[in-house]
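Letters A, B, C and D mark the chains as written, and numbering starts fresh at 1 in each.
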Amino acid sequence: MRIAVIGAGLMGADHAKIVAEDLPGTRLQVICDMDATRARSVADATGAADVANDPEGVIARADVDAVIVASPDFTHAPLSLAAIRAGKPVLCEKPLSQSSAECLGVMEAEIAAGRRFVQLGFMRRYDQSYVEMRRALAEGRIGRALMMHNFHRNVETPAADFTGAMAITNSAPHEFDVVRHVLGCEYASIAAWQPRRSDARVAPVVMVLETTDGQIVNIEINNNAAYGYDVRAELVGEGGSIAMNPVAYTRMDQAMAQSTGYDADWRSRYAEAYRRQNRAFLRFAETGVFPEIGSSAWDGYAAAVVAETGVRALTSGQKQPVQMMQKPEFYK
Amino acid sequence: MRIAVIGAGLMGADHAKIVAEDLPGTRLQVICDMDATRARSVADATGAADVANDPEGVIARADVDAVIVASPDFTHAPLSLAAIRAGKPVLCEKPLSQSSAECLGVMEAEIAAGRRFVQLGFMRRYDQSYVEMRRALAEGRIGRALMMHNFHRNVETPAADFTGAMAITNSAPHEFDVVRHVLGCEYASIAAWQPRRSDARVAPVVMVLETTDGQIVNIEINNNAAYGYDVRAELVGEGGSIAMNPVAYTRMDQAMAQSTGYDADWRSRYAEAYRRQNRAFLRFAETGVFPEIGSSAWDGYAAAVVAETGVRALTSGQKQPVQMMQKPEFYK
Amino acid sequence: MRIAVIGAGLMGADHAKIVAEDLPGTRLQVICDMDATRARSVADATGAADVANDPEGVIARADVDAVIVASPDFTHAPLSLAAIRAGKPVLCEKPLSQSSAECLGVMEAEIAAGRRFVQLGFMRRYDQSYVEMRRALAEGRIGRALMMHNFHRNVETPAADFTGAMAITNSAPHEFDVVRHVLGCEYASIAAWQPRRSDARVAPVVMVLETTDGQIVNIEINNNAAYGYDVRAELVGEGGSIAMNPVAYTRMDQAMAQSTGYDADWRSRYAEAYRRQNRAFLRFAETGVFPEIGSSAWDGYAAAVVAETGVRALTSGQKQPVQMMQKPEFYK
Amino acid sequence: MRIAVIGAGLMGADHAKIVAEDLPGTRLQVICDMDATRARSVADATGAADVANDPEGVIARADVDAVIVASPDFTHAPLSLAAIRAGKPVLCEKPLSQSSAECLGVMEAEIAAGRRFVQLGFMRRYDQSYVEMRRALAEGRIGRALMMHNFHRNVETPAADFTGAMAITNSAPHEFDVVRHVLGCEYASIAAWQPRRSDARVAPVVMVLETTDGQIVNIEINNNAAYGYDVRAELVGEGGSIAMNPVAYTRMDQAMAQSTGYDADWRSRYAEAYRRQNRAFLRFAETGVFPEIGSSAWDGYAAAVVAETGVRALTSGQKQPVQMMQKPEFYK
């Protein structure tokens, strides 16, 4: 299986590294980036066979069997469409698009092609904590799901002009997707708040969503939490509760305190989830069978719709209904 | 200091026991209850000097210096008024009244009397966890407060016909009060949701409140949580976060799991908070100086207003503004 | 019940405070100390009726019903004997004596007097963690006891010339006593080690003891642990294990770590255990019935014998048999 | 890099799986086992190119570049010698031999060959917890090491006739090795105890070791701990302490308790350590540079000597000196 990685930034370099170091049976064929130096640097670090700067050309190459798209967000949908046209499986980093309409276009192309090509990079579905939460629910260990509480905290925003709307469209989709995935239903409404900060940085966004099955979902996105990269989740059922447990391999006793460390960012926290996701993508590319817990174009559409609605909820200060199309047979 | 306890139910018996066993310098003078057998039973258990069945008469007795009111909720305001008339300090169990108008009446009487008489039984203010959270905020250890997340879970509701509105008026006031106390401001709005349960039991109530200082507050009241009595709180600041830590004196390794136990109800969880509160009340009764962190009639009014508004929010499905009177000079 | 406190140092002041603030039904009659200023200061802080500087005279006073001894260690046995002679219950701080022979003298006096007078201040027996461990064992929840692992860590030694032998005779007796208490048997042998430190401070002492019931007991005494006051214990049974859980009321998220605080010393850690112990002593003084889990003169003797043997084990580098007299009927 | 796996039991199957699924750049060339069915089954599951039943023949094959030995313990040293003779790198499961004399033979062969061939399967060195403990020590974060406390607990022994001596020779070597590795020194003495059990199962073994640098090391091996597979370690320094933290991805709230699960055995607990170790072996095989934290034949010898001495300590009931040869230049 010869793989092309489109985009040689942080995410692309990580994907190339996973292919090179963790996916026996694959060949890292091309690293493609507008910036030739960057492409070369990643290729050298991973032993990729070739570099390029023309994504659509790369996708069409005869010596490329599957594609990983990790280029800027606005290219995700067009390059997914190119992969569908080329008849090649694509693992596309999230979001598929911030526009639900553009997601619809990808779905239509896939449906027209008659088979699945697009797997989205909502890697949290492969994180062991969510896997165990979903399993506990399926096995009836906590009874029917009632609520899910979710917290997403970064040390600080990359950009100074990050806004609450961007917290909803850029950071929250991971939460939107994994909660849908764990609960197995869609959203019916969303409301959003922001506390006031004393400085110009973006304040946290607090959201409450209703699902189509009558559950209540809390999501906090705190992009300037200062203290660490910290993702939490609790799934509350009628008979008990299951929560993500922080993973730390050691604890320190020092200076009148016992402490465990936080991750600096998502890369160490989700390293294993990315590996599992990419292995699932490899099997998908080999067999054509879409991964049981993989994210599809439909999931990309769902995340886009709720994010768009969330922005309106934040702007208006009013709870908004989430209005989605019917799920096509093709994605069931 | 000769103390009368009005009400010999679960709460009254606990208060009598605290006076008898933990408050040197006091004399448990009268246990008063409509049910003479119950009054006698508590008096015998605690060595109280006398029993009675006439609360207003007891409050007026010359050999009673201070009063603890733990009789049914609807008697709280009338008996507090009686204590004010008698010029005696009263520790009144929460709520002062579920009607904010009735709370106003108590405030007016107290203001007219020219001094404080009423301390409310919002004992959580004395719980070590909240004490530490409030102190961390005051000391600037987490920066400015942005959010507070609060969870209140009981094993099950006492009554089968408990409703979501009752969750807001009966259980949530502890949260309403202690959050106001920790944050040091009032509420500006409240919104409320309930997930659907598969049975007839009352579903959890999820609330989001805005404060007058621009913080966002989450409160979950889950009266049928099944698994244990579990209260959680996290105070999130701009520079860090401080959370209530579960207290367990031992942990067990057994049957492929490590576990710590939950309390069965509030009595073991808050035993020390009640003791501290009642000691503070004793000092108040002795000195006339209202306890620094005690709950006043104003705090009872504030809790009643937000609960009334919360019920409207739940019923209407819409966020509601919390409309309070200006805080009287007297309570500043 | 009129109580005299002998010794107005740190421990005596704490005992006086507990009597004054936590033991309704008692009167703090005398604070006795060689240093009149110190006695007066404690008396003023606690509202004690009188001060004195003659311990034996105080014990004999007609207006003193019970005695708490918190004066220097070498006075414990003589003053306990004085209390026995005066026919008054005495709560004597540990150790009864560092000499097992002197402990024997107290036992003989008590046996001759025909009733119990001496309760020792091994307050850990009243600590909730050990209470739960002992109960779990009694209820068969972990099967037969096999091992107990114990760790006692202080921030630093009070004196620069503290030695390993002193760690065994001064700090370890708390461990020796509470382990005997939890396991319900005596020691058969003891071995001891010390690692090398890079400075002149006393190094930790590591001990392994065998019990008469065939259990193995580890005890680490680390008087210069630097990081906090930290006591740990784990009781391992054939069917599971129960361990002391650290108690912290809050946890902090800050600077890339989550942390909980340690106590600075034993006073906050064991405040509730002291209160419970002293209440038990009060009931003993009132009723003459020795507390079910109280430490007796026999327990003081047992702790002294094992400490003496432990010092020999450390000095010789060889495991030593613990040789105790048969337990007198009187103490069964 | 063409790899042969000798032994198709539990360990061999796991090694073959790691080669097939986690080591890009390798080819799983032969699965060798006395039992042809077993070899075939593992080969089929992992896509191995060939099967065989003659280990020495396999090691000599021209199409085999490196060898993983996971056959019965008594074959480890002979097959390691065969690999040395064939000039091929070998990852040999622990123990190299239970006889220190036989380990010496392997060392001599390797020294005679003039380069390293043997890496031992003490995979714990690659476990993240120990990596962090070792790093904290190297970075001076806890000061000089004073003690290390280690606990190894299995649910139950595989065989009914497992003995305390076998606990020392079969289970404890993992502890012996990783403690030496973390502390960076050798053992000077060892003492051992066993509590009495109420049944015929092997009781835990408790050991205390002194190191050549004056540290004290506790090791508990509890092969019938009943409650779970549980490995613990704490490294205590002069300035603080660092301990292994249990890893759990979720926690459950249910039936009045909060709990996290234990692993059933070492396979899930150390899956990542095995992967890291085998990647390190692959780099060793490719480059000839022995892995920085890999276990060598010398380490196998050291583990064998201390285990042999530990058995004598347990049998004699007396502390025994650990007598090792000088470390050859070759292994420095």
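Here is the rule we go by: a residue touches a chain if its C-beta (ideal position, glycine included) is under 8 Å from a C-beta of that chain, and two chains touch if they have at least 3 such contacts.
The shown structure was predicted, so the numbers you read here are calculated from the model rather than taken from an experiment.
Chain centre most remote from that of chain C: A (centre = mean of CA atoms). Note on interfaces A-D and B-D: more C-beta pairs are in contact across A-D.
Per-chain Cα centroids separate chain B from chain D by 57 Å. Taking each chain's centre as the average of its CA atoms, chain C and chain D sit 43 Å apart.
Between the CA-based centres of chain A and chain D the separation comes to 38 Å, rounded to the whole angstrom. For chain A, residues touching at least two other chains, in rising order: 225-227, 239-241, 253-255, 260. Put simply, chain D touches chain B in their complex at residues 155, 225-228, 230, 246, 253-262, 264. Of all residues in chain D, only 20-26, 127-129, 131-133, 136, 141-142, 239-245, 247-255, 260 touch chain A in the complex they form.
Interface of chain A with chain B (complex): residues 143-144, 146-147, 149, 191, 193-199, 203-204, 206, 208, 210, 213-216, 218, 220, 222, 224-227, 236, 238-241, 317-319.
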